[in-house]
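Below is one structure; the comments refer to it alone.
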Amino acid sequence: MKKNLSFVIALVVTAALAAVPLFVKKDSLLTYLCMILLYVSLASSWNILGGYTGQVNLGHSAFFGLGAIATRLLWFAGWNILLAMLVGGLLAIAFALLIGSPAFKLRGAYFTIGTLALGQILYATVGNLFPQISSMPVQDLISYTLVTRYYLFLAVALITVLAATLVANSRWGLGMMAVREQEDAAESLGVNAFQHKLLALVLSAFLAGLAGGAFAFFQIGYYPQYPFSPIWTLDSTMMAYIGGTGTILGPIIGAIFFVVLKEVLSLNLAEFHPTVFGILFILVVLFLPGGFMGLWKRIKDKQQKKRESMAELSHP
Amino acid sequence: MLQPLAQNIIYGILIGALYGLAAVGLSLVFGVSKFLNVSHGELLMLGGYASFWVFKLLKIDPFLSIPLTIIFLLLIGFIFYRLIFSRLIKLEVEKKIQNSLLVGFGLSTILQNVALRLWTADDRSITTAYSGLSFELAGLRLPAVRLISLAISVVALISLQIFLKKTFTGKAIRATVEDWQSASLMGINIHRVYLLAFVIGCALAGVAGTLVSICYSIDPSMGLNWTLKSMVVMVLGGLGSMIGTFVGGIILGVTESATAFFIGGNYRLIAGLLLFLIILIFRPQGLFGTKEGDR
Amino acid sequence: APKAVETEAPVVTEAPATEAPAETEAPAVTEEATYPPAPEFIELGSSISLTGNFGSLGNLILPGYQIAVEHINAEGGVFVKEYNTKIPLRLTYYDDESDPTKAVSKMETLFSEHELTAYLGGGGSSMHAASIPIAEKNKVPYLGISFALYKIHQQGYKYLFSPFPKSPNQTEDVFKILNEAIPEGERPTKVAVFAYNDDWGKEWGGLVKERAPEYGYEIVVYEENPVGVNDWTAAIQKAKAAGAEMLLTLPIFPDGSGMFKTMAELGWTPKFSLVIRAPEGVNWGESLGKIGEYVTIFPGWHHGAKFEGVDKLNARYEELYGRPADLLTGPAYACVQILAQAIEKAGTLDRDVIRDTIASGEFSTVIGKVTFNADGTGNVLDPLIQWQNGKMELVWPAEHATAPLIYPAPAFEDR
Amino acid sequence: MLLQVEKLNKAFGGLKAVNNVDFSIQSGEIVGLIGPNGSGKTTTLNLLTGFLKPDSGSIMFDGKEIAGSPRCSMCGNGIARTFQLVKPFLNLTAVQNVMIGRTFGKEATMNLKLAEEDSFSILEKVGLRSRAYVLAKDMTLMQRKRLELARALAAKPKLLLLDELMAGLNHAEADEAMETIREIRASGITILIVEHIVKAIMGLSDRIIVLNMGEKVAEGTAQEIMYDPRVIDVYLGKSHA
Amino acid sequence: MLKLTEIDTFYGDLQALWGISLEVREGEMVSLIGPNGAGKTTTLQSITGLLRPAKGSITFDGHDLLKVPPDKIVDLGVSMVMEGGRVFAGMTVLENLELGAYGSRARKERFETMEHVFKTFPRLKERLNQRAGTLSGGERQMLAIGRAMMSKPKLLMLDEPSFGLAPILVDAIFEMVKGINKQGVTILLVEQNVRAALELADRAYVIENGRIVGEGSGEALLSYESVRSAYLG
């Protein structure tokens, strides 16, 4: 019953999001929505490896960037954008497979900083190899419509959340969580930790690659290096954390909170908006150490306990 | 060929020492309280600005004003710890790392913005009368300012090491790293230990910031790069090893310089990071880390 | 509320639209024609970096825009024939945090929330590169300064105008000036180029390589670094070993300060150095002292330039910031002047007409007479500035000069 | 013969933690493994379960050589274990903990519904049914130990290795635990048990193997071991004699 | 010497101790027994300040322990050996012992105390510069007790010192505890090895579900049928 309810809610939300362009005509609002959807994809895809599998990856922007760069090149070369994005995703997978086996030799902070270094290497390399700005040709600008971009971002976000949900509720998801919690115990029970981590990495990479593709389709002019910037990783990590890792809703809530708060503040307070943002952000962390989903869980636990103690009272 | 190479390596060592010093503070805090403080680079920036303004307004030599910088950062560290980080102490390790990342992220946003408003976005650098001076030794130039910086880094590191290994308080810090409950049973005030480690970490960042402002330049948005670099160096050396961290910094510095010399500036960053990854493949616990040093 | 700056002067809000007709000498008034109701403001929008990496640029550019708006509004605004009245300017700006993606969304917000007449640019080529296409897509004229990257102008953008010297000017002018100023035989013919591997760096480096031989110079060292690498030891050693006499480079501040400190330490003093970017702020002199002396720059403007309106700008700037206008302030100010003149000439707020007017007109500004080429680059004066005694002096062209060029630069150890 | 270990060796640096150890286990047996602290018991279990690679020697399990196989394959082979320092999945509920055993173990099911139902009945067996939705991190050490046992059982092993499951239990509690272990054996699972509670090990084991400094020093029934002077000397001490 | 009255201790909202009252007199050896999860460790931790009771009072030598900050409790002469002999694994035996004398009172006399500890545990002197993490289980337990002794405790509390030790070591450890008690140190012992604990102790308390349910001399409790069936099996 509960499952059905969430399913219905998800459907309604999806339908509402799909209808947005019919009512929203302002490009500014659509742009923000695009940003939110993009970050939902990034934070959710990060969460598959970082949240469910417990491998805190600070090189996520590498996958985003690879997706973007491949998509951009192929799209400019005349490919269909969807096909180009798919190739972008596959390129991200290829890179994930390449680094998976050495990266997973590392544990804890070593893995985290190791992936950070990997991301930085790609960032620097792409900067070296593609120093020229990539701009959409002017004749294409005429036909540029945000609505198309919006739907693409929406589709990627939906695919990401759906994939995360399916995996999290599968046997694979159980295995990933087991690896996150206690790798030795997981292996002793037959969970192949490496396989699970690799699967999570590949999936996470592919989805981030798709997001990168959508970004390449959206952003009119940028340096190819830009999507590889560590800022993307940092932002999506923070979003997943503040929403609550290892949950489906957490990264979504985190992304919305993050983007909306930042936007509202920066539109209203020109000079001091980062300070106010920082203070609010810290306050949220201090009061919600488990992120927004942690708060939700605590409320549920309290209710559960109350119910239990009531039950105890009636059957001593 | 040999002479320029040697000259380059000297610079690599001098730069690497700065990397090392910057990372040691981060590593100390991470080791003791499992706070991955991503606002470390901003603390460095504050140290840099402190020296800059003391130099500019009071005309006090930046090397001589280091004690002032240290006091300033101890104070800042104290405030941040009391106001923010102390509230995370009770969390379990994973949550502690996670939340300290978040809090540090918020803090770095604030510090950057405040620095920008207070001191404008202009880059600053300290140039003293003796900046640019160097000694000539066997045809090699040894820049005075950087040599003093190296000496200060080494002194800071050795003092820290002696403090940790020889004094009761230092041992208390190490004991708390291993098992805070047992430490508490020994009569160690663990909150004071956490506080102490945190403020020492801040002070080290401040000293590093001073040296950066003398050898290079500072600006409000410099933090992220130094944080990233410090994290890499910390892991390269091995978590929990201060000496290792310092050596890691020097290795990175020399690698970068040598790469710039042989291959070109474009590859220095990449080469440094690649070396880091290669070392990790063979020593997943870092150069001087212990096996159980994970997590 | 969005950050709408009507500038500090109260004039803006008070400027009564009805007063205007009486003042104007326009013959149209006599015919009792009816005009449509005038908008309250002429809306200008800017997505500008006030924080982040390009914050230092943004914070220099913004005052230029603001003071210009203030000055124009003090006169009642811009007369627009279509409405037969003077309409004040209103500048709305958002901080894009030096993030190109944020810049895009800020550009869209400006367009959606305001009836924009024009965009004013922020600072830094990557920010411009992200913003300009939005202007192009929305068909709004875009005036931007503080980027010398020529390539942006070759994309075919119709709405982009930049009254600012570009790489081709800079790389040609430096040799021209040297050949004019220094007798043959004393010229620093051995050149070291410390370039960057970003597109401006490559464009610039490429042009220098091409031009140097034409003017009788030889590039003996060409080194490239990524932006943000402040250790130039290897490059400096090579330059020293090759006996280079002149340095051409375009570092950001951290790299530039690192570069010059290391040059002093390693004992290599170029007789002439053109250092674009890093020394353009007053902080260069404050921070580097003697080490930073004698470098020259091509910032596009100088407060000593002898053009109309410069004094007024300097006076106001002095009032606000305690020093004469900064190098980027003039060009920023000029952007607003150009716009105002173009609107007046066009006589309408129709953006396409304004665009065409900018493209074809000649404007007189604090940076001199400005006309635009088909690619949107401006024909502007490209003065050479040199750091002397802790101040920036205009040393070329002679008719504007505030001091003579000092050549050769004394060795670091003798300063 | 379910398990046949021959000439098993493992050294850490200069320390021979397991030195030429031979033993075997028949289907349906409970075999005790005892020895002083640091004598190599846990190391032996780690070798059997692939957590350590033997330096040399052979481990035949169910007619198959398994020495050096990856540790995550051991469960599929039919060997499950508990850890001396319990390793629960702290942030998962008890039933999720057990489901992981059920969905990845020897007779793994892909059907999560089925796995969940099975897991409940296994929790029932170890007395944790009422704690099914409690997170492992909210459990006491003893509950965690029971959970660990449940998890191992869910993997449907042929051979179950128990490492000091009863440490910290008093005698009466140990009695209960012994009962549970007997029931497990009755369900057809062979057990290798490491324990320091003399009463439990003597009471449960059909056969006992004694290690000292990595070497096997004695093997026999509880009675034989109890009175073996070497065992008394190195392990039991006088008071148990 | 030590007196607990009506102690309630909580973990979050979970109450673990309910009105615990007990007393230890100078020079005594008192055992605290009870099933798993009864609250024995919680009781000891409430005394040392690792946990703070929500209600009740704890006095030691005339001091109100609930008013003393945790790090000062050791100075008063209360020391505890935690479950599983937790030593600072990365530090040497010597450093571990030194840290035992961290409190200002004990620090002055640390050299004499150490000699004394070496008399009780000669093994430790042999391993002075070895990393504690490489010690065997028995040696670790010795170090943990020795480290606690370094604080010159008047009251030494031991939480399951026999946990996970081979029988032969268990005997040895109990012998040592007895020896320490003979030297005049008051002992509060928590043990699952109920028989040994009761045989050793002058008096004992039985704790179940966070409440004291029995009290008496060791011999007396040993002979109670309820205790026999519940703990001795």
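General remarks:
We just call them A, B, C, D and E in the order they show up, numbering each chain from 1.
Basically, contacts are C-beta pairs under 8 Å (C-beta built on N, C-alpha and C of every residue); 3 or more make two chains touch, one makes a residue touch a chain.
Since the model is a prediction, treat every value here as computed from it, not as a measurement.
For the pair subunit B and subunit D, chains touching both partners: A, E. A separation of 76 Å divides the Cα centre of subunit C from that of subunit D. Mean C-alpha position of subunit D lies 30 Å from that of subunit E.
Subunit A and subunit D have centres, each the mean of its CA atoms, that are 42 Å apart.
Touching two or more other chains at once is no residue of subunit E.
Among the residues of subunit D, none is in touch with two or more other chains. The set of subunit C residues touching two or more other chains comprises 50-51, 197, 226. Contacts between chains, counted with the stated touch criterion, involve the pairs A-B, A-C, A-D, B-C, B-E, D-E. Within the complex formed with subunit E, the subunit D residues making contact are 34-38, 84, 140-143, 164, 167-175, 196, 198-199, 234-240.
For subunit B in complex with subunit E, the residues that touch the partner chain are 168, 171-172, 174-175, 177-179, 181-190, 192, 290.
The touching residues of subunit B, when paired with subunit C in their complex, are 4, 7-8, 11, 15, 56, 112-113, 116, 120-127, 131-134, 141, 143, 145-146, 215-217, 219-222, 225, 256-257, 260-261, 264-266, 268-269.
Subunit D contributes residues 49, 51, 70-76, 80-81, 83, 87-92, 96, 99-101, 103-106, 108, 110, 112, 133, 148, 151-152, 154-155 to its touches with subunit A in the complex. Looking at the complex, you find that subunit A touches subunit C at residues 26-32, 35, 124, 127-128, 131-133, 135-139, 141-142, 144, 146, 219-223, 226, 231, 263, 266-271, 273-274.
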